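Sending over a structure as structure tokens; questions will come in a sec.
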Amino acid sequence: MTNFSLQRLRLFVYNNLHNDDYQTTFSRCVNYFLIFLIVGNVAAVILESITEVYIAYRNYFDLFEITSIVIFSAEYFLRFWSVAENDPTDSAWSQRWKWAKSGGAIIDLIAILPAYFNFFVHIDLRVLRILRLLRLLKLTRYFVSLQILLRVIKREKGSFQAVIFILVIMIVMAASGIYVVENKAQPEAFSSIPKAMWWAVVTLTTVGYGDVTPVTSMGKFLGALITILGVGIAALPAGILASGLANELNQRNQKLEQEFRELLQAQGNKVLHNQAELEKLRQRVGLPKEQMHEIIVQLMREHLLEEQDKKQGKKHYCPYCGENLAE
Amino acid sequence: MTNFSLQRLRLFVYNNLHNDDYQTTFSRCVNYFLIFLIVGNVAAVILESITEVYIAYRNYFDLFEITSIVIFSAEYFLRFWSVAENDPTDSAWSQRWKWAKSGGAIIDLIAILPAYFNFFVHIDLRVLRILRLLRLLKLTRYFVSLQILLRVIKREKGSFQAVIFILVIMIVMAASGIYVVENKAQPEAFSSIPKAMWWAVVTLTTVGYGDVTPVTSMGKFLGALITILGVGIAALPAGILASGLANELNQRNQKLEQEFRELLQAQGNKVLHNQAELEKLRQRVGLPKEQMHEIIVQLMREHLLEEQDKKQGKKHYCPYCGENLAE
Amino acid sequence: MTNFSLQRLRLFVYNNLHNDDYQTTFSRCVNYFLIFLIVGNVAAVILESITEVYIAYRNYFDLFEITSIVIFSAEYFLRFWSVAENDPTDSAWSQRWKWAKSGGAIIDLIAILPAYFNFFVHIDLRVLRILRLLRLLKLTRYFVSLQILLRVIKREKGSFQAVIFILVIMIVMAASGIYVVENKAQPEAFSSIPKAMWWAVVTLTTVGYGDVTPVTSMGKFLGALITILGVGIAALPAGILASGLANELNQRNQKLEQEFRELLQAQGNKVLHNQAELEKLRQRVGLPKEQMHEIIVQLMREHLLEEQDKKQGKKHYCPYCGENLAE
Amino acid sequence: MTNFSLQRLRLFVYNNLHNDDYQTTFSRCVNYFLIFLIVGNVAAVILESITEVYIAYRNYFDLFEITSIVIFSAEYFLRFWSVAENDPTDSAWSQRWKWAKSGGAIIDLIAILPAYFNFFVHIDLRVLRILRLLRLLKLTRYFVSLQILLRVIKREKGSFQAVIFILVIMIVMAASGIYVVENKAQPEAFSSIPKAMWWAVVTLTTVGYGDVTPVTSMGKFLGALITILGVGIAALPAGILASGLANELNQRNQKLEQEFRELLQAQGNKVLHNQAELEKLRQRVGLPKEQMHEIIVQLMREHLLEEQDKKQGKKHYCPYCGENLAE
């Protein structure tokens, strides 16, 4: 194999594994195969945990695991090798090192590493299986919605830390209070503050299994008070996440709207049939396909209505100053 | 019957079943009768499930079911036949085919199909009864709020998929973790990951029946950690739905406000007594009657206050530039 | 007693019971006494339900109840009589009739009526006591926050109806599904759809007592599915109420802000010491005292900062057009 | 020691304990040591509650407690003494008195007072230990996120009072209703309204332990009704807190954004390397470090994009009037 054909191969691998702009049937098949393999691995882990199934099909499970490891290792190696095509102005090893330090590469490594470790150190089989679930993280590469969620979690990190910090303080205080009050009546369930914390977590998150409950009047009164005052705190992370998600989607929608309007002014209504252009726009903004479609349809409808209004000479007024905006 | 009188009959049926602008006492009676029949069907399904009631009134229930099937079948046929009146420029069968593919027609078909299937294939009686509950979906035609909800679900489909996808990942991971930790202490309840998933779902949604709970210290610690971190995720769909609903209603309110202002400028204050015009406006915007009323009352009050302010020469300032807007 | 002194008495009663602008030590004492009496009545109902307490202090409870009835009856009669002072241009009986039909008057009537009914029809003692709790509603007159809540509930009535309607549909469907699946395994707990509804309500609201849970694999799978998809719906009314409350308070804050700015321009900084003026403003806008105080303090701080900025010649820019606003 | 060197010592103590602008390695070490001591105290309280641990390491726990008391007392005294350096124009004792009345000083006092009380009055050992948890409150001085939360709670005090007031009314009504219905079937669990309140709190907060549940059909129907209608109310405080927190952070972000833009115009892009200036800005606005970093990065990115757009002569339009803003 000459150096030249090796370079062509490297470019081919790069296009199929790294380049999002390169969309051929083959590259799409590669992606779908890898997604299928990840989902298959998770299904295998779940099925193996059922003893009867594992005993009956042990060989198949082992074969599937070895195949998966080989494929994921090859994928990691090929990504590592071909990423050098990314930027012609940079040296190959510098780019490889940059890629190896990126989040996606570390996830890829975590997905295969435990299996190799197992050769040297003997890990408990059950734990090893669970570690295979980390391969789920590889899906983030393929699903925009997971990327958005991770971005929101990263951006709202400060708020989350604050809320979890407050939640921990509340759990400690609630557990201590109920420990003092209930310790004599239930020396088993509330034998210490760490044990009482189980009750506090189960109550403040409103899960409420009922395996440990206060039984004395004083304990019930304190429990009711803690529940009423604290019930909100446990729901705060969800609130932060929900509003963060809404904000992030909103921003991306606005960005999409703006860029789409510019496209519309530059290329006219025919832009709607330019699927490649729209797909590039979607990837630049970072929105899931379904949502993108909905927004484009609505923007187009508004655009047509506006044009219709203009033809009919309908007037629009500024919501603030009441001036006619149609001029 | 001549062809002409048949056509007149078809128009009559069309007006009463399809045409929302055609509001007579008779058409309203038809609608109320159909709503009543749907609700009656649901009540019958619920009552039949009580063995004593079913045995005692078996004949009445069977009679009611047969009557309902006949009426719903007639309704479907009449809608199918009369929809040809919808658009005089299109052929009758083309319109019928279009209608048959629409959501409302499919719901109507689903509502009667299982009863006919029963003649050919013998379906379990209990399942057949439950399938009758699908007739509830027919109510969406009559209730704007259900339509709004469905629209929001459709529009936020992408977000829902993302959240349910994440929720499934979290359930798998939580179930696997607790399975590893609790499997030895409770080999029955946590015998496999799929069994541990029951605990994970019950905990992450904060339902917390308490039929399966971790008992080891390690299991309780892991359970508490999972609960604290994951409790938010299960509440996300509600958050998305709530904010989506708020957005949708907000948009419709603004549209109503704008169109009402235009009506007010065109027709003056007397528009308030023009019930037909307001009803048409309400249907165009798509708002429930109660909400519409509230908004109109408030808009009218603001309008009157503005007029009063103008007479008194009160000044208004732009919230941004501080300029006098009263000129 | 002459007619004139009767009229003066009526005005005095009117001022103390109806007129919010009339604020003397005596009128405030009357209000506090009535609030105290309502709270006392509720405390009495709660205490009477403890058998030992009721037996020990029966006479005192009966005496307190009779006194309360007399005072509340007198209050109702005096309000009814004195409301004629409200509008000098209207006839006394017309105003009394109008008042008797208002929400506040109906609540006052409901608070005393059951006790009088008891003379004619013998009501179960326990039910009669609970009906006394309706006197709690009399508190709405004195607490702005309760009025705001009722207003929001009234305004969002349409949304609430829609959500409860959807919730009922979901409960019916969930109950029917679990009934079909679990009926054979647990013929007692899931003997009919109405019985299965108890499980559906307890699950969809995430209360999860655990007294009834699915035990079959199919039932657990269906239960998990229903829980994941439906958990959001039950939280929707809270979401609607929360956002409605936030909107209402926001609107009132903006109104307060605007009116306060106008006061500030008209009367200058000394308005802050004009407690009567601020109290009238607060009642006109309808905000609780604590919140009002916070807002005024912040508005004043901003006002002072603006004045300082003006003196220092600091420039402000429009967030939209970037123009200098300081001119 | 001369008076002069005492004054220098006081200034040194003031800078390290009070002055936030004074950031040296030593002052940071003092802060970290105090945070560590607080966390250590909480850990000690939790560990002491485990009987075996307490018996084994009793002497160490006692030593740690005495050391902590000495250090916290010294901290309180030094803060009290050195605060006189705060404002040279005011007398030392006036400033000390002002400080002693401030929230932070009261928290510091509460943290050490119970230990001293123990010399005079003998407090139950368990209660005494729990009171040591109040030392957690001392952390608010070091964590911005706790300060923001406290500020939001203070500002939304009115709303919280209203919601808790409504929640109490709902609990009383729900408890009374279920008491009337279930009292005969379960005379033990629903023997009085106060006892039924335990059920009401556990249900309305959706905790649902399942230790007390309605068993009669009527009780289950009423319970389901109460749950459906009331489930929202308990989640309201969380909603208020979440939206309040979002508002507060939003306001601070906007303030940061505005001040950062002013800095950018005054000092140019090099402001990014001026860590001291940015830290001062962060403290003035009051934002956690992580969030600040995120915002600055985004603002900078937008700033650079704007500059780029200006160079390329790209046009921007006002979202309201459609005018070109680029001029």
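Quick notes
As written, the chain order gives the labels A, B, C and D, with residue 1 at the start of each chain.
Going forward, a residue touches a chain if its C-beta (ideal position, glycine included) is under 8 Å from a C-beta of that chain, and two chains touch if they have at least 3 such contacts.
Chains and their UniProt names: A, B, C, D = Ion transport domain-containing protein.
All figures in this text were calculated on a predicted structure; none of them were measured in a lab.
Although subunit B and subunit C share one sequence, what matters here is the overlap of their interface residues, and that overlap falls short of half of the numbers used.
The most distant chain from subunit D is B, comparing centres defined as mean Cα coordinates. Separating the CA-averaged centres of subunit B and subunit D is a span of 42 Å. If you average the CA atoms of subunit A and of subunit D, the two centres end up 30 Å from each other.
Counting only residues that touch two or more partner chains, subunit C has 206-210, 234-235, 239-240, 243, 320.
Chain-to-chain contact here is organised exhaustively, every possible pair of chains being in touch.
Subunit A meets subunit B in the complex at residues 42, 45-46, 49-51, 126-127, 129-130, 133, 136, 143, 145-146, 148-149, 164, 167, 197-198, 201-202, 205-211, 234-235, 237-243, 245-246, 249, 287-291, 294, 320-322.
On the subunit D side of its complex with subunit C, the touching residues are 155, 157-159, 161-162, 165-166, 169, 172-173, 176-177, 179-180, 183, 191-194, 203, 206-210, 213, 220, 224, 227-229, 231-236, 239-240, 243, 318-320, 323, 325.
Touching subunit C in their complex are the following residues of subunit A: 206-210.
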